[in-house]
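First, the structure itself, so that you have it in front of you.
To keep things simple, chains are lettered A, B, C and D as they appear, and every chain counts its residues starting from 1.
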């Protein structure tokens, strides 16, 4: 039980990741898929941020009288990852808008059936 | 003086020029800048090759921060091999793009195409050269994002769905990789790949974090590689993308992903962990064999020639993974050589298809009936590339096959050698369908007006075709460097 | 939105502060939490708010697409060229030490410029994304 | 002065240079054909220059480049290859003349491509002949396959396409699927692929595996047309007759059996093969092929198809000779390459000449034709007798030596095979001749109507020309067709007389 509680952040990560992946796989709506993708990516952000926490440490800003800091490196990495995520989402949305324009729908099944009938 | 900074220059030149293209905006200027950038990058890679051969591993500290703290650019035989592939193909494809239909389609936004193209090149080069795991992810995403854009430029609306599908799959793959990197960082406290590999034994091979990292990495990389059965995105993407883009991506993107897999499995995790402690070799072999056969068979039934080639790419990836799964210097040499040779042959074939598309507006096998009479040089190039894909002696494809079979026999697995051979025979079937259609069928009436493709499309295609023959005869560079790289990879464990 | 006086007034009041805060985050980034990424987004948020209340067209009058595009490319160029300056001055790429006579000061200046580039690009990209979607016409 | 190595290079390069010249003179047929003939002659002269040193016991060598570490692209001339090169390059000259007559007489399209591919095929056949190691041979072997594909499919109709599929399918799949594996295995086991006297595999490979290896090699060399992978050869007969003549009586199939002999002599080593007894199965397969193909040949009404099956049968003589692996049989097999080349090319030339002159392809239509074309049918008889193996024609010697070899190897049964096969040869070749002369002339008219409900449905230009059906006194094929076929017929005779020289030349390969 102690293991379970002590590692609760990982459980959050796993739940988030699985939820995200599930949405990506199970939903036919292209926007919802992107949402799922974002949730999935968010789980990774949580993973990085949570394992950079040093117990008892403060925010990594140098100041007098503080010598225990959280590890700042993962934060920086995740900043980059977030930017990548934003770019991906923006691009994905742009594609969805174009798809909507060309196909008149953003439901995967409809798009498939239109492609098949061609 | 600049020579010392070559590792940085080969990636920042495309980056700066990508930005310049956007600022200049004029189509011709953007074209010139892109051309110069790719060529400069290629020249730089060649110089790096010479340096790496003479001096061994070159390490370049970004910002002057020594590794493992700073980002290190690391050039060993494998890195430089990839750099040559990527920048070489990049510099052949760049002039090709100018006259292809692609730019007429995007009209006044041609500079955007060049910008995305250079960014993709920059990303792929970056992945190949960086010694830092997280940096690798960033470059990977740079290349992936720009390749989604490039694919979406296709003429058909299905290009959009293909790009979307690739985006979703690619992002999942990249996120898996980033999870793996995070777990590795957690286990070792380092992001420098060499440093991680040194610290891993201390973390303990039984460490579940490390095992989880390994699993995430392999799956993520397999998604990016389009390893069977995770290949679904690839045929669509390559079929509907503009031929220029298909040629560039087919020749480079999957190779770079294979590099990621090789680099992590062999250098970072090490042979001992990857293959002795974990039973990874057998799954790789099984997947590789499936990949060699099923997509090839599917390719035989396709009517769009681009799709035929796309499925063939999935099959060819099987060969690379097979070499990896053999876990021997010979096998790895075969894998690495095949990356190079496959880049040459698929690049050539897709460029040829671009020529055909330029004239007849389709790559459908029925539309290509009798085309050899109208476009003899184009189809001759197709035959040349096809022969290499089949693996006829004196072509590059033969060399890869030779090493792969040799590696299989070396292990005493003759049945594997037989499988390799049989699968390569399937290539004859799917290619010969195209060749028969082009040479034997009567051209339809609307094909009467079609003439030979313009020179600036033909020349790049022929350069790659001739390269196929050159590297089938003189293998001292292609095999020599690959062998060094393979030895380094195996030695690292 | 023309009729919502409260929104219009509040927005007019807020926008300068948002932009100012963006600049603070930008330029204070090398001493405390902050930097180009965050600043760029905050800066863009100011304009996005303005565009939402006063219409995209009026926002684009201030920031036409050309400028934004130049901003995107320019930011990247600033970043890359600052690195190249270090390289020309005989140090490795992205080593800022030689930018000034004192290496510590050089580092300071370098990261300042780099973050400026990042901020420019991020702000321009965010606004471009917003404007692109906001002005999308189904035709 | 050029040294021998230069002549080797020239022999292979000249046809390639000729290819380019032929291409450039494409629109001017006369120039194109002059170029072909000149190239062919020069090539033969170059090959001849290599002969004296080889006769003197030297092995002139030309290393082109290292393809893979330890594996150069290398040409080494030894007697067996010398003989093959001489035959191929000499018959190229003859065939060029013949092709001029045939192709023009037949108004074939795409003649430029025809001559170009022809030249490339000859170049690769010479490269096969001169190759110094298995890799070089393999390369040349594949180039030969590919360059002859456009020749086989020359007509570009559906039949040609199907034939092309069979041709390429069998030859490529066997060579890549089996031969390449065998070569790689050899390379791994022996560490070299050089053709070495006495073989390179002895002691390098388990005795039990020798059979597997031999199987891979023998069925990998699809061009040797061992049953059941012989299908490509009859299929390839849709090609224009000069192609069938040179490539399928000389270059391609002979490259196949030549490779078989090379492999047996220089890779396995005849002694090694005999000691392990690994080749016994091959003897039976080859013997069976000899007999079965002869039987099939008897059922064929199309003259070229009959000749094709005859070729399948004759090729297996050489394979049988190799499998017997005694010094007599191997020399006999090598001689048979030469003897059969001249005999069979004569027969093909005759078939082509008949087709050009009368547009007839079926034996059943040839009644009484001998009176119209006495020279052609006369040559046919000589060729046939040589293939059958009767003195005073070349074929007699090779069969004699192979029989001697069989006796030497104490495989008496194969002497019987040879005898029966000779009888079968008589049974399917002589009737062609006999029909030509002994068939009643008067029936010609009636027989013409016969062909309309002929059985095979082969497309046949002849029926459309009733004017030709009335018997004339003599209406031979063009001179360009008739002269070459007499040259080769005389060649059969000459080979009988000068057989001891040939024997002397070939003997060193088994010493």
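Quick note on the criterion: a residue touches a chain if its C-beta (ideal position, glycine included) is under 8 Å from a C-beta of that chain, and two chains touch if they have at least 3 such contacts.
Because the structure is predicted, anything quoted here is derived from the model rather than measured.
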Contact clusters after notional removal of chain B: A, C | D
Higher-contact pair (C-beta pairs counted), B-D versus A-C: B-D
Chain nearest the global centroid, as defined over all protein CA atoms shown: B
Chain B-chain D separation of Cα centroids, rounded to whole Å: 44
Euclidean distance of C-alpha centroids - chain A vs chain C, Å: 24
Centre distance in Å when chain C and chain D are each reduced to the mean of their C-alpha atoms: 78
Averaged-CA centre spacing for the pair chain B and chain A, given as whole angstrom: 28
Multi-chain contact residues (two or more partners), chain B: none
Touching two or more other chains - residue numbers and ranges from chain C: none
Where chain D touches two or more other chains, by residue: none
Full enumeration of touching chain pairs: A-B, A-C, B-C, B-D
Residue numbers on chain C that touch chain A, as the complex places them: 32-33, 37, 122, 125, 129, 132-133, 136, 138
Residues on chain C engaged by chain B in the complex (per definition of touch): 69-70, 72-74, 76-77, 80-81, 83-84, 86-87, 90-97
Residues of chain A defined as touching chain C within the complex: 59, 61, 79, 83, 87, 90, 93-94, 97, 101
Complex contacts: residues of chain D adjacent to chain B: 65-69, 73, 135, 138-139, 142-143, 146, 153, 156, 160-161, 164-165, 168-169, 172-173, 176-178, 180-181, 184-185, 187-188
In the complex, chain A residues that touch chain B: 21, 24, 30, 33-34, 37, 40-41, 44, 47-48, 51, 73-74, 77, 80-81, 84, 87-88, 91-92, 95-96, 98-99, 102-103, 111, 115
